[in-house]
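Heads up, there are several structures right after this.
There are two complexes below, and they share chain A, which is joined by chain B in the first and by chain C in the second.
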Partner chain A sequence: MMASMLAPFEFLLATLRSYRRPLWPHGEVINQMHQVGLGSMITVIFTGAFVGAIMAVQVSLELRDFGAQGFLGGLTTSVTLRNVGPVLIAFLLAGKVGAYTSAELGNMRVTDQVEAIRCLGIDPIGFLIAPRFLAVVVSSFLLLLMGLLFTLLGGLAVASWQLDVNTLYFLREIPRFVTGSSFSMALVKSLVFGTLIAWISCYRGFFTKGGSAGVGAAVRRTAVECLVWILIADYVTSFIFNRLGEFFGWGGIAV
Partner chain B sequence: MSANSARLKRDFRTFIDSCSLFAVESVGVLSLAISFLAMILVVEFAFHMKLVLKQQSLVPAFATQMMFRELGPVVTCLLLGSRIGASLAAELATMKGTDQLDALRSFGVDPVRYLVIPRSLGCVFSTVTLTWIAMAVACFVSYALASHAIGFSPGEFKNAMFAFSKWHDFVGASVKALVFGILIAVLSSRAGLQAKAGSRGVGEAATEAVVRSSVAIILSDFFLTYFLYT
Partner chain C sequence: MIALHNVSKSFGEKRVLRNVTLEVPDGQICFFLGKSGTGKSVLLKHLLGIMQPDEGTVTVDEFQLAKLSPERHRELFRRCGIVFQFPALLDSLTVAQNVIMAMPGFAKWSEQEAVDRSLPWLKQVGLGDEVANFHPVELSFGVQKRVAIARAMAVEPRHLLFDEPTTGLDPIASDAIHALIRKVTKEHGMTAIVVSHDLRRALAVADRLVMLDAGQIVFDGKPSEFPRCEHATAKQFLAANERSYR
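Moving on to the complex of A and B:
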């Protein structure tokens, strides 16, 4: 029981230890980032824009009863940037990047390619996992930031076309609500979610068992576990940031 | 006992099996995820209410409304989309890779009718019922935790909780879950049926199912929100 609970941490440690002496071929990280990241870009842009649009509609519905449509720009951007945006885009990346990586590694495992690499005297963690881990962390982080940028554009588009909020007014309200702490929270959350996706997908993919049905199971477990851990990490980050904000007094009340 | 009723009985058994696979085994993980989501919503709305209104009395109302209208059905169905979509697609792709679909066809059995439709009905049933369960869990967790940990008094929280959320929101959430369930079932069955042979094909089909259903959920959610609530 204890050993199985520690196994993911041992895996992470082994991966991090292998960075001391890189084993992978030249340009492998860039190659992986190209494969993982470039294919996800269009999807992330679309999802980001739609998440922003959904939040703009929801927030405007909540504000309309109070006649406070003026707050729309700031509040939508703040809610999306701090919380809903990173979570929903990371959910999508868990499927697009995480499930892809875990399917690829699982396929290598069940077709004995991992064993073949070990037979050649090469550490499969350093050769296969380390470049993928790095590539998934970096590209998830960059894709999340790009998605967050597009949430802003999506919210702006819906607000000015459908909700009758002046575009310039929408933009002017943003800096009043989105303070440095909210912005750094979005950055930290993106990095944390990217690391979680990389960790879970590499771990589940690397330890796939049981033929082609096992690959399907690895993909399923990766996607579900990523989603659950993303929500848990989201709460923990929000909690820590809010406590730190109270302590240092950068709670962000700038109205 | 005609052939038709025997077939219905068999389909019903597949439906129940897939419901237990999709729904019953997801309840635990879904409740965990939704509990954290409910807590995040209360914490974040407390932050934003302080920012805008300078007081917190309406936080439970806003958080519950956001949960019912938006994040409850969407997060539930994204989670179920990963779980159901990947297992449905992987199962069908494994069957296709081992020529079981062709074997069914050679017996004159339509694989869509025999395999896909009962499982899809199970998927839709699971998304709708689990969305209800998730919303109940969310209400309970946000009440229990916010009234003890974040500094609301229990009575105050309970009174404010349903200030904005009405039956309309509940029906809206159910409609969303229904549409998302249909999308998950259709897209992942299609990914599974079009898979290539071998373990690579199974992995690709499962990934495709997860990605397509998540994208479809988020895109359709915008239009559903727009038509249901504005």
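Moving on to the complex of A and C:
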């Protein structure tokens, strides 16, 4: 029981250790980033834009009752940047990038590719996992940042065209609510979520067993565990940031 | 020298290997024959230290397989190349990269360097630079098998292990693979351990046949002696072999 609970941490440690002496083929990290990152760009752009648009509409409904629509830009951007944006985009990436990585590694496991690597005297974690882990963390981080930029644009577009909020006014209010800590939180959450997606998908894929049914099970577990751990990590990072904000007196509204 | 001494292995109630004792000298082509589930592949896994016997000892050259550190185990893997039943090539790499992936310095080589370094090994198995930049999925099963043999040879092992090397191949490709096994092992002075069901090709290629039945060795000798074996399984194999000729 204890051993199985520690296994993911041992796996992570072995992956991090393997970076001391890279074994993977020339250009493999770029190749993997191309595979997982480029294919997800359009989806992330759409998701980001619509998350921003939805948030603008919802926040506008609340603000209208108080005649405070002037705060729309600031509130929408703050809430989206600090919380809703990273979580929803990370959910999407868990389904796309996480599932892809888990399925690819799982298929390698059940078709003896992992065993073949081991039997050539190569450490399969250094050879297969290390480049994928790095590629998924970096791709997810960059995609999340790109998605967040599009949440801002989506909110701005809806505010201007549908909610009749002046664009300049929308933008002018953003700095009142969105401070350096909001950006830091978005960056940290993006990095944490990206790492979680990489960790869970690589771990589940690498330890797949039981043929094609096992690959299906690994992908399902990856998707579910990513969603659960992203929510837990979201709560924990929000909590820590708010506490740090109180302690250091950072500005902005903690959401 | 590969040596097994009184090796036994059970999975739960099922005893897969029973007191198997065997010595394979360097340079010999030894075929393990037997019905499915008689312990041939299990025996092969013992030779690589992937499985440990319940009783007995396995020795490959100076390696005592019972107590190997991870580092020594990697050395053993480089001493014994294995070709799996399915080629098990990495889909994400090119053929050239697959062949040289175990070479020191591989991580630093460009794709062109990978092609250059893989060519001598691809030529050994009758392939050339025309396949070097392909990915495994773009090749036929038979060519993938050849690439898998080239990959196993590229670590310059002393012993080559084959787990049912002609599964899924047509008769012509099977003949070609068996001829290749004989050619490359004899040219490089390697020992070859081949797990197979294919008696006809074993008789043509092997220096020695070992037949397993219910985890025990029931025949161990030269191919020319096999037709005189009185064991029921051996007779069944011979009869099936004769039927396949008609």
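Convention: the second predicted complex is superposed on the first by the 251 of 255 C-alpha atoms of A that agree within 3 Å, B and C clash if a C-alpha of one lies under 4 Å from a C-alpha of the other, contacts with A are read in each partner's own complex, and residues count from 1 in each chain.
We adopt the following convention: a contact is a pair of C-beta atoms (placed from the backbone, for glycine too) under 8 Å apart; a residue touches a chain by one contact, two chains touch by 3 or more.
Computed from a prediction, not measured in an experiment: that's the story for all the values here.
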**Asked** Which of the two partners, first being chain B and second being chain C, lies in contact with A:Asn31: first, second, both, or neither?
**Response** second
**Item:** Partner chain in contact with A:Ala135 - chain B first, chain C second, else both or neither
**Value:** neither
**Message:** Contact-wise, after the overlay, does A:Leu88 reach chain B, chain C, both or neither (first, second, both, neither)?
**Reply:** first
**Asked** In the superposed arrangement, does A:Asp234 touch chain B (first), chain C (second), both or neither?
**Response** first
**Item:** Of chain B and chain C, the chain that contacts the larger number of chain A residues
**Value:** B
**Prompt:** Is A:Met185 contacted by the first partner chain B, the second partner chain C, both or neither?
**Reply:** neither
**Request:** Pick one for A:Gln113: touches chain B only (first), chain C only (second), both, or neither.
**Result:** second
**Request:** Identify the partner contact of A:Leu23: answer first if only chain B is touched, second if only chain C is, both if each is, neither if none is.
**Result:** second
**Item:** Partner chain(s) touched by A:Leu144 [first = chain B, second = chain C, both, neither]
**Value:** neither
**Prompt:** Which holds for A:Ile122: it touches chain B only (first), chain C only (second), both, or neither?
**Reply:** second
**Message:** I'd like to check the shared interface: which positions of chain A are touched by both chain B and chain C across the two complexes?
**Reply:** 104, 111
**Message:** Applying the document's contact rule, which stretches of chain A touch chain C when the two form their complex?
**Reply:** 22-28, 31, 104, 108, 111-113, 115-122, 127
**Prompt:** How about chain A: which of its residues touch chain B in the complex?
**Reply:** 43, 46-47, 50-51, 53-54, 57-58, 61-62, 65, 68, 71, 75, 78-79, 82-84, 88, 91-92, 94-96, 99-100, 102-104, 106-107, 110-111, 162, 177, 211-220, 223-224, 227-228, 231-232, 234-235, 238-239, 242, 251-253, 255
**Asked** Residues of chain C touching chain A in their complex?
**Response** 48, 50, 74-75, 77-78, 80-82, 84-86, 88-93, 97, 101-102, 106-111, 114, 148, 151-152, 155
**Prompt:** In their shared complex, at which residues does chain B touch chain A?
**Reply:** 29, 32-33, 36-37, 39-40, 43-44, 47-48, 50-52, 62, 65-66, 69-71, 74-75, 78-79, 82-83, 86-87, 89-91, 93-94, 97, 164, 198-207, 210-211, 214-215, 218-219, 221-222, 225-226, 229-230
